[in-house]
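Each remark here refers to the structure printed beneath this line.
Which chain is which? They are A, B, C and D, in the order written, and residues in each are numbered from 1.
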Amino acid sequence: MIYLNSDYTAGAHPSVMDALSATNLEHSVGYGLDPYTKEACSMIRRLTECPEAEIMLLVGGTQTNATAIDGVLRHHEGVLAADSGHIAVHEAGAIEASGHKVLTLPHTEGKLSAKDVERYITEFYADDTHDHMVAPGMLYISQPTEYGTIYSRQELEALSDVCRHHDMPLYIDGARLAYALTADGADFTLADIARLADMFYIGGTKAGALFGEALVVTRPRLVKNLFSLVKQHGALLAKGRLLGIQFSTLLRDGLYERIGRHAVTLAMRLRAALQEAGYDAVVDSPTNQQFFHLPNDLIDHLHMVASFDYWGPRGATHSTIRLVTSWATTPAEVDEFIAVLKDYTQR
Amino acid sequence: MIYLNSDYTAGAHPSVMDALSATNLEHSVGYGLDPYTKEACSMIRRLTECPEAEIMLLVGGTQTNATAIDGVLRHHEGVLAADSGHIAVHEAGAIEASGHKVLTLPHTEGKLSAKDVERYITEFYADDTHDHMVAPGMLYISQPTEYGTIYSRQELEALSDVCRHHDMPLYIDGARLAYALTADGADFTLADIARLADMFYIGGTKAGALFGEALVVTRPRLVKNLFSLVKQHGALLAKGRLLGIQFSTLLRDGLYERIGRHAVTLAMRLRAALQEAGYDAVVDSPTNQQFFHLPNDLIDHLHMVASFDYWGPRGATHSTIRLVTSWATTPAEVDEFIAVLKDYTQR
Amino acid sequence: MIYLNSDYTAGAHPSVMDALSATNLEHSVGYGLDPYTKEACSMIRRLTECPEAEIMLLVGGTQTNATAIDGVLRHHEGVLAADSGHIAVHEAGAIEASGHKVLTLPHTEGKLSAKDVERYITEFYADDTHDHMVAPGMLYISQPTEYGTIYSRQELEALSDVCRHHDMPLYIDGARLAYALTADGADFTLADIARLADMFYIGGTKAGALFGEALVVTRPRLVKNLFSLVKQHGALLAKGRLLGIQFSTLLRDGLYERIGRHAVTLAMRLRAALQEAGYDAVVDSPTNQQFFHLPNDLIDHLHMVASFDYWGPRGATHSTIRLVTSWATTPAEVDEFIAVLKDYTQR
Amino acid sequence: MIYLNSDYTAGAHPSVMDALSATNLEHSVGYGLDPYTKEACSMIRRLTECPEAEIMLLVGGTQTNATAIDGVLRHHEGVLAADSGHIAVHEAGAIEASGHKVLTLPHTEGKLSAKDVERYITEFYADDTHDHMVAPGMLYISQPTEYGTIYSRQELEALSDVCRHHDMPLYIDGARLAYALTADGADFTLADIARLADMFYIGGTKAGALFGEALVVTRPRLVKNLFSLVKQHGALLAKGRLLGIQFSTLLRDGLYERIGRHAVTLAMRLRAALQEAGYDAVVDSPTNQQFFHLPNDLIDHLHMVASFDYWGPRGATHSTIRLVTSWATTPAEVDEFIAVLKDYTQR
């Protein structure tokens, strides 16, 4: 069976697993004060070209988002996000549980435009009763988005400009950042992300780690007592070195980008084959997530060899599906998938 | 100057003020354990025909909503509301500050339909990932709505049926309930409200009290330790009898309805005069709030004699305004307003 | 019956009630933007000699404490208080409901010493694991304390020095501030309080108002968006002028101090009579609250003419009681109480 | 160097690491819906003799405590705990961040007595103003305690009886449960724990797992929608199977108890050697944590071969230290430690 359900169905990239095994019997101090975590943080400061960045390694995405947002917002402030944003939909109210409203804007293929953000802020403060409303205190975007699309460098710069003009921190959810950095046509680097955002995270769980997300605060003193905040959110791993070992492995010699590029290359092959066969992509995604409208009997046909997620009906005869590649996907598996597709279309 | 900005620009109805003055030098126990509060609660139990209702008298609307909603929801649940609902827009995140998400549905003239609520719930539980989402834990509606419109008894019954079918408490924000009960064409009583809702409040601040809202929990044991919850929300008035005195005055001999009817009658006269003069009501409101699109120079003209709120432009030449009547509005003031209107239209 | 249960068993001082009645039919804008509130705030800025003070008028003490503390603390911080402090015991968890821990220190007659506070802070930061603990983010004291005792100016200066040395705001709960300012031997003024605290409130509810507390933030920009925070805490009164009218009345021509002095004078007479009769005060309170250990049959004897609170047994034959005077207590009532006391002791 | 700082300084027990490596390339569904997690939960239901137990596997202790407590308490309720309890001291306010007060009782060697708990509850409800206070809504104890001591079965039964009598859930923090179950003189089983508690967790992080805690809710329907609550607390691991694999390994063929017994046996040897040499244990701990008062120069001497934690001075010449053993401690290391000790004492 070919697994294309998600990028976190397998364990860790073998290099990561090897590193964990190799260090297993060592002793080290807990809570991220160990040398491996220090090394990973140094690597991140170097790769982001941000020597003053404050970095914490956390276990998962929801806790990273909740901690980061809680660290920035005051009580009367909310976080502005696309109504398709992960924090607005799929985190079971984790942001609200910390007391913060998620203020939503309509999205285009998962993306927000600087113009819409600017208009929201302007209209908010133009309202006579804005003191009775939740003020936008920061902006949350995902790169890539929940639809697999990416913001170009110019789009990021425009969003960053609006945020800085209004003294509103920009936070980027990088759960799948590996695939944005290596996307077809990506025109930005990790250093660009660090320069344009005030805070972001480098996702590990969905890009080759067993688990782990590196929260990077690039604006000095944006979050007061980050360590205690992470602890309070229950997000401080006792054996913190497990995160340090994983991230230093991923970031050494470009493994993180190789993982991203591998998955993107295979996703592009899947996309090309489906488009060639005449099927419509839901959005034009240059990353490892592909959403397609397919005939229901083709879906049944593909399901004989591949496991992937069904996203709902599309009229009476078609449905939307999602295909996701990862480090664990092999070229041979993609070949087989395409062969089964061709077999169907040539019947 | 004729004040039509809101129903809370003056103090209290003279009978309420007299009652407060007459009892001012008496001593009584605090925190609502006094005889006046007990009397007011008895009157409410009788008028709602709900002898087992649990009742607390609070100071203001935002704290009443926050306390009531916090009392019902578990952490993983949110409150379903119209996206125009007061809790969704104008309470500065009070609901989220208690940890709860406001789940919004599009409204029609401020109202939600049972069909839309049913569909929301059905689709929510049909979603594979609903365990990762905030579950709808209760329904919030306003009667009348923020647009002055009212739900008919049949509409309330349909909403109540949906809620009970899904074991989801129905909460009615009655900040202006006086004007719904006495609206043109209202076909429900206070007892109907109590029977169809699981919890609601009888608004005092906007209907003749200096301040005060009577929270009525009609479903036994819906809220555990309501008294402590009110205290925790900072909503327990030390001299609680002030609330008891006001509500027992308002509810004695139908004063509350008289206040409502007085304001509605005057509002209907304003509406009729404006419609006769050819202007469009924004919505068809049978209560004390009237929203109209008027030419900007008519607005300027009216502003010479009357104070009222401007709600934003409507094209280049018109704007939306709101007129609100109350116990403090006099027939003579309405006559004068209409005369100035006629003076303008007959030029 | 002579009521000595509390200073909030009656309504408002007659001058306050008169002012509310006299303005009842006026119309004004809501939420504290009215001229009366502006006047009251100006008076407070003048009396505190703090022209840059930011002031909000709230309804009650618990909501004022919860709002003020929530406005200052970041999530990882707690508020340091005496273990007898009102916020630590009698506010139903209102501080924790906003996410903040109350860190308690043992008290002496309700008071904290600068030395103990300094030691707490020093030991906290000396602990290796302090990053895993709740940091002291502000200091809360009550003036007078819950036991009726007061801090001298020197004691306040010492506490203020410790707080400023550690950049930790000092907040003073002044629910009964009227009685501290006019206490026997008080050596501080309202301006001293404003100078030494970073934030405090002038209590109205327990000193002649129907209700109301004036929150005064004397350190510029200590609390961001105070207005919205008050709204979010459900503590923004719609008819805000009611608070403005009450405070401008209380603060005009020294009424607030006269109310304080009146109550303190009568309390001193009660204290002297009890001490003369050979009974022990629980603490040496120079304010309007007196705590005494009395024989149980004397308590029964006094209860025939006076209502007051029982605070628990003191051995087999005695109990602790509390006597509280206010503007509503008359010299004749105190004479009568003392006569009944003498009658008992001379039997 | 011999590491006796904690039981979480090394990675995972080799069997656990092997199991993770062996399954690394498999694909499985996320969020704990995989077969490994189901297997681990079945094993727990069998070992606890509680077929109806609801179980979730979480990553760490603080998040497990915060989630469990938040799932049980209503807003007006607090959690009763020893003032030495982990939640009261070392979780950076995680409980308060969810809105709940930690109500503390003095401890004896880290333990609470049923008598003290009963008295607290009785006195709480005897207080006239208890409605203004935070009600004790559940009891939290640690087994073993933070001092290494354990509750006997009889003590647990007494606590459980008090809790059930007052309808107050009993929650046991089992971060180091492995060492309590295998302690010298332990007279209870895992099934006893499950029978006497309403909720507890089986700690993995400190007993051979890389990370992981198994939260076991033995009272049916105690926590509503546990899955969503875990997600909301940011405690739902994407690759949930990692927890399932670890717990099924630990619980298979008694590995968990073997890990516990190994560490306890070595701890008992350390204790015997120190006592034989004439030093005082701080408390009489039968588990893997030993606290001793030692002369400062002995501490320096031992530090040449061993790493362990310093817990503060004990007079001018002595200090308190903590020694902790684990699966990673070897008999040879303990031999060496004892040899160095003897070398010092025989000088």
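The definition used in the following text is that a residue touches a chain if its C-beta (ideal position, glycine included) is under 8 Å from a C-beta of that chain, and two chains touch if they have at least 3 such contacts.
Small disclaimer: the values here were computed from a predicted structure and weren't measured.
Chain centres computed from CA atoms place A at the largest separation from chain C. Should one ask which of B-C and C-D has more C-beta pairs in contact, the pair is B-C. Taking the mean of the C-alpha atoms as each chain's centre, chain B and chain C sit 34 Å apart. Computed centre separation for the pair chain A/chain C is 51 angstrom, with centres defined by C-alpha atoms. Distance between chain centres (mean CA atoms), chain C to chain D: 43 Å. Touching two or more other chains at once are residues 75-76, 91-93, 97-99, 131-133, 228-229, 231-232 of chain C. Residues 70-71, 74-77, 98-99, 131-133, 135, 224-225, 227-229, 231-232 of chain D touch chain B in their complex.
Those residues of chain D lying in contact with chain C across their complex are 75-76, 78, 89-93, 96-102, 129, 131-134.
Across the interface of their complex, chain A is touched by residues 1, 3, 5-6, 8-12, 14, 17, 20-21, 23-30, 59-67, 91-94, 97-98, 205-206, 210-211, 228-229, 231-239, 242, 307, 328 of chain D.
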